[in-house]
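Take a look at the structures below.
In what comes next, subunit A is part of two complexes: it sits with subunit B in the first one and with subunit C in the second one.
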Partner chain A sequence: MYTELNSILNTSPESFTKGDFILLSDKQSDASFLIHHFLSFYLRAKCKVCFLAMVQSFSHYSTVSQRLGVSLAQAKEKGQLVFLEGLQESLSILIPQDEHTGSQAMNFLRDPKLGLQDLYEFVSSKVKRSCGGEAESEEWGPPVLLVDDLSVLLTLGVTVGAVLDFSHYCQATICSKLQGNMVMLVRCDQEEDEGDNESPACLLKGLTHQSSLTLDVQGLPTGYCRDIHGQVEVCWQRRQGDGQNTQNKLFQYKVHDKGASFFARGTSSAVL
Partner chain B sequence: MDSVRYSGRQLLKSFVKAALNREETVHFIGFEFSEDELRDGLKGPFAKRLHIHSAFTDPLGWTDHPVFTVHQFNAEEITHLIKQTSHASAVTLVIDSLSWILRHVSPSVFCRTLQQLRKGGAVRAIVGLLHADMHQKGIVGSVCHLATSVITVAPGMKAEEAEAKITKRSKSGKVLQDEEIFVIKEDLSVIVQGKSHQTEPIQTGPEEQKMDPTANLTFNLRLSDAERQAKENLSLPFVFSKEKKTALLHSGPSSGRILYEPDENDDYDQEDPDDDLDV
Partner chain C sequence: MAAPMERVIKQQTERSTFKTTSFQKKTRSKLLSIPGTRPSVQNGQLLVSSGVTSLDFLLGGGLAVGTVLLIEEDRYDSYSRVILKYFLAEGVVCRHRLFVAAAQENPDDILQELPAPILDDVAIPKPVEQPRLPCESQESLDSMKIAWRYQNLPKVQTALVSSSRFGHYYDVSKTMEPEIRQAAKSHCFYLPDHPQKTSNTHSQFLGPYSALLKSLQEVIRQEGFEVAASMSNSQNPNVLRIGLHSLGSALWGDDLCCSDSPEHRHSLVTFLYGLRALLRSSLAVAVITLPSHLIQDRALMGNITRLSDYSIALESFKGSERETNPLYRDYHGLLHVRQVPHLNCLASQLPDHKDLAFKLKRKQFSIEFHPVKSHVESTG
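Then we have the complex of A and B:
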């Protein structure tokens, strides 16, 4: 977890707004460092985390989280972390071996037109179990859903509408009913095409309407820089509790081995 | 009509509140927000005239007991729903949002339903929120065509303000267009702050006094009058002034002269090396 980002967003593992849908997006850059931040943030906040990891393996996240001071293997053992490794699950569906047909969650791979209802059922069952009133689950805080990333579902044949429905249902269940949080990553690399209804840009717009906070990561407009890896624009979509519209903020960042630093534009330590 | 840059939901809620204050019955079909969030700010003695049909928790019928699904969006079901809870007076139907429905219902069916509701008689007015950037221009255009008034909102110059472009079609066929700046207060009242300027000129203000760069230095960069004179009189070595030209053209008596007689070897023509072409 990056302390500077916490102060920008005005949150901490001890106190953060509940019922938030945080949307991470990137364009010609890589926002996955934010996924690692939120993963370690919510694990430290003792929330029950359900992580749908579609693009990387468990060991990848585990290694990075180790550097941030959180052990995913331990969290998984204790039951705090539910990890759906999309890459492995998809293999067991595409190449069925013996009787093991894979969990129902990735059913959309069999027929993308079915939509993501099965994935939603999976998430909902894992998340509701934490609030089922069992003794050992009471020690965890509100449930959190992390998805890395949604745009890969588009490349697997799922329509934008189906993904928006999935995120709507997740938001209704997790954010609204269970007062938990949701963090989703969308990557859009293509230029926006007016006529294209199935592009990641269209998905991003739909999700932005649903979200309460968006963090948009982009490369610097002037090109590659060794000391500044890009810029992050933080937009609060919904009014905060006190009714004030919080201003949008723009920061530049640099990713290190053990974290990331955020600074106002032009104040990078390499420049000053 | 709103976009990702500015959400029109607060304005929609202020329309609801205004309708309730006018003692109208309002039926709210909400897809995008939960019922509690919708009721926030709409409490009061008139709240019993507000009927919320929440399609937020299960709009597609994925669970066993949905309250309202998108498949119920047709004239018969909605009229039935309204007649169940309302009395004789016509009702204002508010939909949040039309974009949600358009994702699941074809545009032609959607427009037909809206038209049927309008002509049906059970509904006096329909107020809907559409996210203009989520649909293709054709669909947005068709929905706007059905509407008698279209209000497009965008963020304003200052933080709290927003701009609204209003197009109103009256029954006589006259179309009024207007642009206004407004602010929505916490109690959902809308305060119109006047017309927006066509192009906001950058406030230049009185021109700042030109800063003298040669002031406050530890060394002297200024020139005294004599120095300035000498500088202006100096002729630069590589500037081809009139005097230099005449000096070169009419070479003085003591300057050397160059005599040149063309040599045959110098007259080498690339295109005619043997010099025998009749060019």
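Then we have the complex of A and C:
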């Protein structure tokens, strides 16, 4: 959890807006440090977190979260965190085994034309409160879905339409019905064809329309710099309850070992 | 006053009968000590040398175990092949296991051409020496009169079985001697030996790479390279070095390089995804060479790069007008570092300099910072 980012977004683990769909995007840079922020943020806020980790292993997130002060293994044990390790689950599908082990969530690898329905079923089953366990579901706050990242689904052959359907269903279930939050990461490339319907840029446009808050990470327009890793543009898509903070904000950031620091343009400590 | 002192002396003498020194280095149990590896300075990850010491320095000390290095080939696949051979030769010298896959030629041919290491302390294992040791130890038990503190320590072998250094140098003009090469066990995957089964519906998406992925998983499982298995194993853990030559080329049955809108658009990326899944849970490192200059689709190249961990591109001057350009006189080509991962940490360490040029010398593959001043070119 980065305290500067919390003050920029005007949130804290004690009070944050419910029913938000936060979209993280990057173009030729890496926005995954924001995923770690939101993961530790919502775990500290005592929410029930469902994390779909498609690109890295559990130990990676666990080690980084430990540096940010949150233990994923403990959260998993207590039942606060549901972790889907996409890499591990995919192996049983990619290399056909005799016995079928693992969840059905990664079934889109068998035939991407089927879409992400199984993945959605997995998410909704983990996120909805179980009928019998009313007592245990009271201790955790609203459910949160984190996805890292959606563009790898596109590279594995899923269509943009299917991913948009998936995010729409998830938003309807988690944000509208259960008043929880959603955070999704989409990674783009600089060069895309305008007419290409299956590019991540197309997906990004569709998701930006659905989202309530977008954080767009880009490299510096002047090139690579060691002290300033890039810039983040924060856009609120929906008007806040009291009508404040609807302006777009632009910040520069630097990622270091235990977190990230955000500062206004031109005020980096290396420059001043 | 005397009583506490007595107790202290007694404790000290008690302790000294068990160990010669009370200093014990704290080693976390999860750090495996495998010859030819070392922990990273930045985040404690286990690193292996890529065989090229200057490349190790660029990539943050070496290749992390469990990752993939993607080398975008130069036009004639000369220097990328050299780096692949350095990688495999390093594995032989460190006594790692090798897995080589190729479609163009027999992987055995690649293994015959490994460069010879330049080392004084790489010992060729002679089986004759082994039976002498038990009888030798009996004589030496009585001989420790002065250095009696070292009597209980195990006898150190004078002939090193495997080199303990990290990163070695190779002489490209000579090939590795067969005795040294045969000391390291290797698995070969030659694509024509594995005809594609059309009946397998599960792996239809991997296309031509399904047999390769399955073979890799079998080797990792059977030889015990999975991390969970290595931890509980009483035998010495080892690292598997995987070299995949020219993936994505037409010889693998993939039409990525042949057409603008390939039919097997997702096979290679799905294979890379499966490879990442395999490697993250095993003690293995993979180096893949890819003829990226044949792939027209830049977005696809971006996807491939993102699904590998380290990514470098080689651009050789051979056959281009830069070969005779006085600016590039000392170098054989340019090297671009496209991506360096940040595993288990938040920030990655990209090399400071973006303009890198390489030169293949007889005893060293050197990579240096070469500032290219474009205004000099235009005026000259």
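As a convention for this text, the second predicted complex is superposed on the first by the 258 of 272 C-alpha atoms of A that agree within 3 Å, B and C clash if a C-alpha of one lies under 4 Å from a C-alpha of the other, contacts with A are read in each partner's own complex, and residues count from 1 in each chain.
In the analysis below, a contact is a pair of C-beta atoms (placed from the backbone, for glycine too) under 8 Å apart; a residue touches a chain by one contact, two chains touch by 3 or more.
Every value quoted in this text rests on a predicted model; they were computed, and no experiment measured them.
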| item | value |
| --- | --- |
| Partner chain(s) touched by A:Asn10 [first = subunit B, second = subunit C, both, neither] | neither |
| Subunit B versus subunit C as contact partner of A:Gln88, first or second or both or neither | second |
| Which superposed partner A:Arg187 touches (first subunit B, second subunit C, both, neither) | second |
| More subunit A residues in contact [subunit B versus subunit C] | C |
| Partner chain in contact with A:Tyr120 - subunit B first, subunit C second, else both or neither | first |
| Which superposed partner A:Thr267 touches (first subunit B, second subunit C, both, neither) | neither |
| Subunit B versus subunit C as contact partner of A:Leu109, first or second or both or neither | second |
| Which of subunit B and subunit C A:Gln74 touches, first, second, both or neither | neither |
| First, second, both or neither for A:Val152, with subunit B first and subunit C second | second |
| Contacts on subunit A seen with subunit B and repeated with subunit C across the two complexes | none |
| Residues on subunit A engaged by subunit B in the complex (per definition of touch) | 117, 120-121, 161, 164-165, 168-169, 172-173, 176-177, 194-195, 197, 202, 205-206, 208-210, 237-239, 243, 245, 247 |
| Of subunit C, residues touching subunit A in the complex | 43, 200, 202-203, 205-206, 210, 213-214, 217, 265-266, 269-270, 273-274, 276-278, 280-281, 298-299, 302-303, 306-307, 342-348, 350, 352, 354 |
| Subunit A residues touching subunit C - in the complex, by the definition given at the top | 30, 33, 36, 55-57, 59-60, 63-64, 67, 87-88, 90-91, 93-96, 109-112, 152, 155-157, 187, 189, 191-193, 196, 199, 224, 226, 229, 255-260 |
| Interfacial residue positions of subunit B with respect to subunit A in the complex | 4, 7, 10, 32, 34, 36-37, 56-60, 62, 99, 103-104, 131, 133-134, 136-137, 159-160, 186 |
